[in-house]
Amino acid sequence: MIGIYDQNGLDVQEIVFFGLYALQHRGQESAGIAVTDGNSISYHKGMGLVADVFDDRSMSELEGGKAAIGHVRYTTSSDGMYANAQPLVTKYKKGTMALAHDGRLVNADSLRRELEETGTIFQTSLDIEVIANLIARNIDMGLEEAIKHTMGMIRGAYALLIMTEEKLVAMRDPLGIRPLALGKLEDSFVVASETCSFDTIGAEYIRDVKPGEILVIDAKGLKSIQTPVPLESALCIFEFVYYARTDSTIDGISVYMARKEAGARLAAEQPVEADMVIGVPDSGTTAAIGYAEAAGIPFGEGFIKNRYVGRTFIRSSQHMREQGVRIKLNALRRMVKGKRIVVIDDSIVRGTTSKKIVEMLRLAGAREVHMRISSPPVRFPCYYGLDIDTSDQLIGYSHDVDDICKIIGADSLGYLSQEGLMKTLEGSGCGFCRGCFDGTYPIEAAGDSLEKGDKEKKNRKD
Amino acid sequence: MIGIYDQNGLDVQEIVFFGLYALQHRGQESAGIAVTDGNSISYHKGMGLVADVFDDRSMSELEGGKAAIGHVRYTTSSDGMYANAQPLVTKYKKGTMALAHDGRLVNADSLRRELEETGTIFQTSLDIEVIANLIARNIDMGLEEAIKHTMGMIRGAYALLIMTEEKLVAMRDPLGIRPLALGKLEDSFVVASETCSFDTIGAEYIRDVKPGEILVIDAKGLKSIQTPVPLESALCIFEFVYYARTDSTIDGISVYMARKEAGARLAAEQPVEADMVIGVPDSGTTAAIGYAEAAGIPFGEGFIKNRYVGRTFIRSSQHMREQGVRIKLNALRRMVKGKRIVVIDDSIVRGTTSKKIVEMLRLAGAREVHMRISSPPVRFPCYYGLDIDTSDQLIGYSHDVDDICKIIGADSLGYLSQEGLMKTLEGSGCGFCRGCFDGTYPIEAAGDSLEKGDKEKKNRKD
Amino acid sequence: MIGIYDQNGLDVQEIVFFGLYALQHRGQESAGIAVTDGNSISYHKGMGLVADVFDDRSMSELEGGKAAIGHVRYTTSSDGMYANAQPLVTKYKKGTMALAHDGRLVNADSLRRELEETGTIFQTSLDIEVIANLIARNIDMGLEEAIKHTMGMIRGAYALLIMTEEKLVAMRDPLGIRPLALGKLEDSFVVASETCSFDTIGAEYIRDVKPGEILVIDAKGLKSIQTPVPLESALCIFEFVYYARTDSTIDGISVYMARKEAGARLAAEQPVEADMVIGVPDSGTTAAIGYAEAAGIPFGEGFIKNRYVGRTFIRSSQHMREQGVRIKLNALRRMVKGKRIVVIDDSIVRGTTSKKIVEMLRLAGAREVHMRISSPPVRFPCYYGLDIDTSDQLIGYSHDVDDICKIIGADSLGYLSQEGLMKTLEGSGCGFCRGCFDGTYPIEAAGDSLEKGDKEKKNRKD
Amino acid sequence: MIGIYDQNGLDVQEIVFFGLYALQHRGQESAGIAVTDGNSISYHKGMGLVADVFDDRSMSELEGGKAAIGHVRYTTSSDGMYANAQPLVTKYKKGTMALAHDGRLVNADSLRRELEETGTIFQTSLDIEVIANLIARNIDMGLEEAIKHTMGMIRGAYALLIMTEEKLVAMRDPLGIRPLALGKLEDSFVVASETCSFDTIGAEYIRDVKPGEILVIDAKGLKSIQTPVPLESALCIFEFVYYARTDSTIDGISVYMARKEAGARLAAEQPVEADMVIGVPDSGTTAAIGYAEAAGIPFGEGFIKNRYVGRTFIRSSQHMREQGVRIKLNALRRMVKGKRIVVIDDSIVRGTTSKKIVEMLRLAGAREVHMRISSPPVRFPCYYGLDIDTSDQLIGYSHDVDDICKIIGADSLGYLSQEGLMKTLEGSGCGFCRGCFDGTYPIEAAGDSLEKGDKEKKNRKD
């Protein structure tokens, strides 16, 4: 998610295109860009990667100049259809708005039901459509007041971009669960989910948007409105574990440094005698370097990744499916053979990938395979987040570490402790949501916890 | 527009596909089909022709069995985008509705504004989105009552199909401006804009839906609700002149017979000594056969049409543009050379096509070219209809017959009189809207004429 | 097939594009254009219709200016693949040639075998690849002599276009089986399969290329070389029956006039008392007009054709397949009901279409259905031509007229006699190949008839 | 390039598909697969990546069972068109052959000219079309003899796969310039350019095909024919430097081990005091690990690569082009800032990438940037190879190391010596072509060097 408000005659849609490109890891299902020329808003959206959705023709249909926002959407459940591509562009009493949302509301269903009671219709299954309706309902207060009012009603995780013909508004939920950063390109303000997109477009990082902060950017410049926030913020800790790109910096912490430090702490907590430390590409590499350095064991490449793996349209036969991960990854026999290997991954969710990783190393002749995970066991579902929905899919929910070790077939298995992980994030000055590790979710209000509880119970029964 | 409610285990999406195929002449911009399996609604829409939008893959995504509706959309102004493809599928308090609309409301803008005042947002520029909101607002009355209530609020031309998970509802505006027919395929009811689609899918024509009638089709069978209607109905007369396919029957009148009869009456009203009567393919052919028969002049083919003309993506150069219509049509020199030709077309809108037709015949060696039009001059815009929007684009608004004859370069020009045209439709038992010929629009209520008047004035000033 | 050699700074690739467009009826499988700028040849080919294969991007890749040739390929058997799209572009000793062929050689297989004996490899199954090899083998004689020499070796039906960097060569087989016409656009010569393409691009018809004539067009102008020809030429009579577009003129005979006259003679030879004469669209219409006029029975439209029928990607279910032709054609109940109908078609090949036509008319309420065919029974395969390959697929080979009448379910069936058909072509000054009617094929040389005979015997055994 | 001859009822086209997938790094311009079912050969080819060219539909068109070959083509100059996609499938006297070629002939032009002299035509600009003609010319000797004879005529680099309806033949040029390995999948023999494809499809590596060896695989099993070879072989040394995938083993040497060792030797030859060693992803990573280990300087990640970078269809504006490499790579500010960095890349060709790499590190705050290259300067063009065509494009041809260091803006620049590189390949038992480093090309015969010399002179004048 990225937005820009132009003060310099920049080509805003091109900047947003390349910014989205750098954020592709945050969502591969659909991509979209909306642009305003000051008077009207045009947009283009489509299914697939940014580079699939946009070509010279579709870019030329965007008539811009003033501001633009772009969004990439994560694959979730069965909602993968065009109607759910963002930004959502709607007409309302005062004109047109384009809206983009990163995160998930916990009370979207009840708000949706309340709105439906009063006759509202919905054309998507997006939380942002609920938000657009709430803003439109209160627009007589003025846009800023309507947004503030809406923030009082919605609960959950959200970084939001709202663009009207004349303004770009960015905001972050009161707990600061999803990241959102402010940058500057020449004299124009840019807002994006991660700082790596600033580097790509040549923008300078200024600061993170604060939890509960609303930024209004228009011809008059930048204006900050701070809404009430809880005592402690709750940035999603999984951004550091997996979601964010390694070269981003979130709320003052370098993702790279945090991952490397996690590797080092993992070495201290879960030492093992071994000949080589390797990472599962790409997400385990940084922690593996940290582990190797701290443990004094040589770091090596144990896997080679096929750089061209993308969506292939060939359904593989049984014979080929058994080959499994080798289409994407190949173990480096020469490096691995006869060695005691420590292999580092960022997390274990279902356990199937870890099992294949261990198998491949054994087939390549590894003498011992010690799996080390640079975060604690994922044991609880995420209500604010993206793709871990029910506990029963989580191998860490139903099994202890010894069981998991047996299931994946490793000689030993060790996780970084929660305390260890927290230490890698020290000095950030922000709090973290660690619900997926310990089941303790940040609480905004009584009603919230209730709704969440209901969901969880339902999940556990399934 | 076509819908079916299944009682026989039919493949409803396939039937709707082939039915739409037969209705392709009613709209080429976009196509869509929505299907219900009794519990949930799935849909697929896209830009272009029915055969472009649907393939085996997209058809297989439609999970149906119970009922289906399909829509083709006419190209209008600048709204040619995916968001405006129909059916519109929306969630509302009671579940999901899919809606399809043929026609145009005259008070859509004011209703839209009223809804926006209360916080409603709009994601398309379709009248049907206004209608969906009005129904959802009143859904506590029950679906049928909400629809009746909505019909009390909307004014203009509409044939509507509304499908919920369990029902198919069809209705026609109180003036019966747009056609809608009821048929039966085995024991299942089908509703479609034109009877030609019944022939294609092998359904039997039962009767036309009456002006102001609501048909509710569900597991209990067919139920008819008659809402209040004005004294006289006002079927769009242009359906007989141009819109409908020749093999359809509307409100009891065969389009073919009406067109042939119009040709015969034109021969009587506008006789001319000539050697051959030809029609402009395809819309002038039937009237030309009628004219020839009545005048006792041989009917002949004067033009050959390229059967493969479709959308070509090559922008032609100036040199080629001057060739103009010859890519689609070619005059038959051997037939035309040295002859006095009567050429029949259904109507003259802008005059540019007629001019080229006359030129081509002269270049092919015609001694005399007498243009005869099987309807009266189009002099006024259409507020209920499709593509004649402002008077100033109409050559018949600003010029009399003699002027037009000079502009298009014919030796003589004759139109069928309004009386003549009306006689071809005798015995139908329904009234007709002839606003485009005489500026007299059917009046539903005081407010209506006012809004219409405003528009017209605005148009005239332009 | 069309070619142009420019003298006027024309946009040759655009002209060839629009010319091909007008010739689309001669082949829908693939399309291609090759262009020379005087120094090198570029080309683009693809599967499908002209409008599918070419867009602004592919057109812009053609770097031309001097000359261009284009080709559309008929669907034949199992060779529908990209490699078989034409023009064939090959390097040879002197540079590059692009070649296009309309027709079929009868000794292609033996020539191919002889070439293979000497080590030649083939990348397509096209006759033109054989021809290209023969020319290249003899190129030391010079291009013209090599072409003459090649014409001495190949037998069968061919109209050929050969373009080098600097020349455009056109030729027609000694029997003149396939048509080829010469025209002029401003000062530039154009050669095309049919004159209808001249009308489309605004070129003037000059004359037909003569049987056995070679035209060499280059910077020096037009040069004609006449090679030896048999006493009588043998233009394919099916061009007038079916292949050619109605508005073309071939070897001095208007296709339209011939078809209309065939209808008139059919009325004389095969009279019947009836209320209306109708044609099967589009190929039977012209003869139907001729029949009606001559018989004094009113001409009417009995079928309406769906203008938008194209390739649909939906495989229809059993239920829909039984609907059969109605997706393309619909009988006009109002016109047909209770009437005695004469229905005119151009020919009967397999009989399946005729059977459906009769059924549709009966279902629409026709009292009597009299099928009349404006050509004699097709009883023998075609060795020079396009798609009638083996006798056993021909209903006219194995059944007499009474049998066929019963099979298709008509009240009566009458064909035009061969004498009658020949009279419609009187005054052309050229001979005709009537092999498909009477099995008498034009003979060029002894060896030829032998090879042909072998094929036929093989077919009969199958 | 990969081929398989089946003995086990394997799905040969699927195996070749996944094998090609693993070889995608060897060519991204076009991809193709040809398959034989024992009686006839079918094929599918297209422009783009393997995953773009093949989908379920195109795979289902391949009718196989017996054997299959697949090819990916490298982007070269202006020949990027469909006609140049491989395998080349041709008919010849004995049936059909499919041929695939990795490498480049040095006497292709003169052979082509000789063949043209005798009337041969060419439809592609591929060397393999020359080879197919030579084989077909001599096929009366039998396939094996014809291939041997052909090998006596062609000079240059080639690994070849030739498939007839019944056989799979694989061969490698007498110098062994391009790699080719033999493997086994169950009981079926597989031949592929690199062993990494064996791992992907689950095949076992047996041995490398020897220089000058012909392998004939058919129902009778595997037969090896050894043709005469020079005293010393000349495997392309750039396979180890850049071309091959790190997890492949060529002629007994692990590419991974060679690259890591190159890094270690580079550390010894070109030491520098620094704080961190980083690699340019992905090709510099392995050598960087080797350098770091040997130098005792910590290895770190200095760049993050956008995993989703592929072909984008957006042409970037001037402003964006200046951003350059940052769309693909981003320097890790936190890691780099204030540090003395050694950055390792595999080679410098034009110098433009190295310049950007240094700039990015400086912008990210690196105190010193020391570029180290794990191979000697590329100073001469390659006549056997792929993409380094003329000396004047090579920064190493016209500039010495100091100059290059200034141009790219590094604090120091060091290359691995040729001796150093050779030591990393010790124990292979094969010779190497190092022409690109020292201009000494392996000589097969007198004529060869002559032709080569001509080319070089021509290049130098350009």
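Side notes on the structure shown:
Letters A, B, C and D mark the chains as written, and numbering starts fresh at 1 in each.
Here is the rule we use: contacts are C-beta pairs under 8 Å (C-beta built on N, C-alpha and C of every residue); 3 or more make two chains touch, one makes a residue touch a chain.
Keep in mind it's a predicted model, so treat the numbers as computed, not measured.
Counting hops only between chains that touch, chain A reaches chain C in a minimum of 2. Should one ask which of B-C and A-B has more C-beta pairs in contact, the pair is B-C. A straight line joining the Cα centres of chain B and chain D is 61 Å long. Taking each chain's centre as the mean of its C-alpha atoms, chain A lies 49 Å from chain B. We define each chain's centre as the mean of its Cα atoms; on that basis chain B and chain C are separated by 37 Å. Residues of chain C in contact with at least two other chains: none.
Note for the complex: chain B touches chain A at residues 82-83, 88-93, 97, 116-123, 125, 132-133, 136-139.
Those residues of chain C lying in contact with chain B across their complex are 10-11, 14-15, 17-18, 21-22, 24-25, 28, 49-51, 54-56, 59, 196, 199-202, 245-247, 249, 254, 256-257, 282, 285-286, 289, 293, 298-301, 304, 306-317, 319-320, 322-323, 326-327, 330-335.
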